[in-house]
Amino acid sequence: MKKLVVKDYEALSEMTANLVLSTMLQDKRVNLSLTGGSTPKRMYELLVDKMAGVEDLSNVFYYTFDETPIRNQEDVVVGFDNLDGLNRCFFEPAAVEAGHLTAMNDENYLDFPQLMADDGGLDLMLIGMGDDGHFCANMPECTQYDQEVYRVELSDIYPWNAPYQESIGENHSDYMYTLGLPALLKVKHVVLIVNGVKKAQAVKRALEGPLDAAFPSSYLRLLPNLTVILDEEAAELIEK
Amino acid sequence: MKKLVVKDYEALSEMTANLVLSTMLQDKRVNLSLTGGSTPKRMYELLVDKMAGVEDLSNVFYYTFDETPIRNQEDVVVGFDNLDGLNRCFFEPAAVEAGHLTAMNDENYLDFPQLMADDGGLDLMLIGMGDDGHFCANMPECTQYDQEVYRVELSDIYPWNAPYQESIGENHSDYMYTLGLPALLKVKHVVLIVNGVKKAQAVKRALEGPLDAAFPSSYLRLLPNLTVILDEEAAELIEK
Amino acid sequence: MKKLVVKDYEALSEMTANLVLSTMLQDKRVNLSLTGGSTPKRMYELLVDKMAGVEDLSNVFYYTFDETPIRNQEDVVVGFDNLDGLNRCFFEPAAVEAGHLTAMNDENYLDFPQLMADDGGLDLMLIGMGDDGHFCANMPECTQYDQEVYRVELSDIYPWNAPYQESIGENHSDYMYTLGLPALLKVKHVVLIVNGVKKAQAVKRALEGPLDAAFPSSYLRLLPNLTVILDEEAAELIEK
Amino acid sequence: MKKLVVKDYEALSEMTANLVLSTMLQDKRVNLSLTGGSTPKRMYELLVDKMAGVEDLSNVFYYTFDETPIRNQEDVVVGFDNLDGLNRCFFEPAAVEAGHLTAMNDENYLDFPQLMADDGGLDLMLIGMGDDGHFCANMPECTQYDQEVYRVELSDIYPWNAPYQESIGENHSDYMYTLGLPALLKVKHVVLIVNGVKKAQAVKRALEGPLDAAFPSSYLRLLPNLTVILDEEAAELIEK
């Protein structure tokens, strides 16, 4: 693991945007999988600006790494929790063309490992982590550590499910899909970004605690080429 | 070739510094060969600042790619044209440790290809080019295109030699050494930076003219993974 | 360049078949481009046998690297000089599935560099060379050293054209297409096989002579990861 | 995982020797870590023969991956369980030069991850597995899954220790060292070879059972590029 501590959220966003852009700037196909959520919001603003200065990004392809289809009461999919957010904060402002984005959904999720392999594998994956220790949609209660991709049936036994269902209002979600640990182990370079004092305890447990199946991000240390970028708040409990 | 045109020298310096830093930020050994000269001056200022924020760069190793030993009248080496410049603008301000720098000299230049191979090969090489078409010390009059490394005896038949000898005052140089095209073809990623209207004609000839043994930088197009970063002035004659 | 001299044609065929098969035996997509012609005939017999023992080769994809469409007197394509030969000696006996083979033709040859890049690039390319110094269809009289792919109009000014046209009987060829040097420079590993005393002089010139635009295989020394496998006859003039 | 089933021990040995040799035949540094034990005995005989036909193997470097120093009653090291065996069956008959072999011992084992990283990382690792599920010296009772390398104090609580101590006669061992899972996850290509009906149950559990900390080889499925070569006996219980 290569660990970096930067001053604050702005510095983390700037360094991460530079790292993502630099990976794009090669004369070969570059396959990226980038996280949604709140952590990368500012990073995407900076990245979209930086990408605007690059004339040709036709060598760059994107893959989502998890998804929760959202259905209405008639069980028709009306949204995708991850893709919709990424569209708003990145794919649309960056004007990513349709053919350059492969989004996980009900039909194709099982094919994702093969599909990414057929495209030459992921060059860079950008992930965050939750204070409950989840990465991608690998949650403490239901991570399948030996699966490249898997589906989780959303159930009331998961403490995060009721709040999640509530958050999507009148709609509901039955399942979520996610890449798992073996898929991340095949990525050439994984970058984990974490900011804020709220996650300091989780960062300590992930990076310095034991491997713990009940805390999925502790397994990230197994990744062969992992860069961790933390702001000072997120890093405040770890060894200097 | 991946070609980028940025607004000006400052933007070129910033993008290049980010690209070099991003390459460093991996959990593996990273071997770099970075150019001296005037083009990267501002880039090094930015890079040194950025590196100051990264606690551990012990995975990064540097190799010079050409050299001209400077001798006094007693034929004792009193300086190295390339290394001394790089020391001033980068290795010293960046506090690069001795064991992390391999500098080409009279004794070891022939071993450089083997030595770099034994260290796992170069990950990134940053080069400039001259308006006479040279890259590294591959000059129009004396480039040996099939040599990984070679020595050139400095001779009055070379138009640039008299001005060069004059520039080093009371001292003199007998030889220069340089990595050649086959060595660059083995580098995982080569970045060429050029700025200023003075080089616009040379940029056009290098990137769009025929392969021409009398204009060495025209051969850079053969590189398997080349990123060219130009400011608008340097790019003003090339196809949009 | 890594150079190997083996006893005879059988040993060369065996070593090459093992090298090709070993490249296939990985848990990732493997893109191969394999030569036609007479040199690999025995190698393909051995390779087909060895592949029969491997249950799943769905990770392996093939690309032809040159082609000469053959037309009848009505100018309808009735054959492909390279593909037809490869079909007979390899693709058919090895039962390579249609979706795993991308063959160069009139329509797609210009797209080949992009198409191979989009598929993640070639992992292994196996080539031969002619006693006239050609590799792929890069002939002494008409090689375009700076083109990833190009078309040559077959003309009576080429000494090999009349015999070639004669060899295809009542049919004729107007053009040939070939990958060029920059495309080979992007391949992760290129293997050159040469056998027989008839080519000993050409081997010496290719491996030890000067870079010579009139002898294309002399440029193969520029390849970043080239393995040359020779039988003793082909190697008899080169330095031990 | 890429899984191959070959007829018998001889076929497994032949295919594995070819795969190891083919990896060596590149124009770049190749770092190998090869297993001792009984499984590869025939493979080494074949490999030594094949290597004899290759003039220059100076690009190949070897690293042992585990070790048990053997001491006499005065606590002086008198042997190395792994290295001594590898010397006999491979390093000596293959005439591997001293500078090309890095052997793990009391002094350097903690430095092995850094040392391998500094040398550019391992290209190929060849391992076996035990019917108790161990790989390298990662034993069911004491594997530390998050350590790149670690030391185990040999203790009577381990069921295999008493028989082991007995096997080394008047001498004794206090410790063993081994690379762990995170080190294997960094290897570009890992090849697992298993033969014989005696291991069929263990193969089934490793390849098809759950991830199980009490059965270390079940974790090998996490490796990003793993090739498993089995003879028919070892494969007889797994899914066709």
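A, B, C and D label the chains in the order they appear, each numbered from 1.
Keep in mind that, in the parts below, a residue touches a chain if its C-beta (ideal position, glycine included) is under 8 Å from a C-beta of that chain, and two chains touch if they have at least 3 such contacts.
Keep in mind the model is a prediction, meaning the values are calculated, not measured.
Enquirer: Which chain has its C-alpha centre farthest away from the C-alpha centre of chain C?
Expert: A
Enquirer: Counting C-beta pairs in contact, which comes out ahead: A-B or A-D?
Expert: Per the contact counts, A-B leads.
Enquirer: Provide the C-alpha centroid distance between chain B and chain D, rounded to the nearest whole angstrom.
Expert: 42
Enquirer: Could you give the separation in Å between the centres of chain A and chain B, each centre being the mean of its C-alpha atoms?
Expert: So the centroids are 37 Å from each other.
Enquirer: Enumerate the residues of chain C that touch no fewer than two other chains.
Expert: Residues 28, 59, 186, 224-225.
Enquirer: Provide the residue numbers of chain B that touch chain D in the complex, in ascending order.
Expert: 28-29, 59, 117-121, 186
Enquirer: Give the list of chain D residues in touch with chain A in this complex.
Expert: So the residues of chain D in touch with chain A come to 145-146, 181-182, 185-186, 210-211, 218, 221-225.
Enquirer: Which residues of chain D touch chain C in the complex?
Expert: It is residues 1-7, 11, 18-19, 21-23, 25-28, 53-56, 59, 189, 224-227 of chain D that touch chain C.
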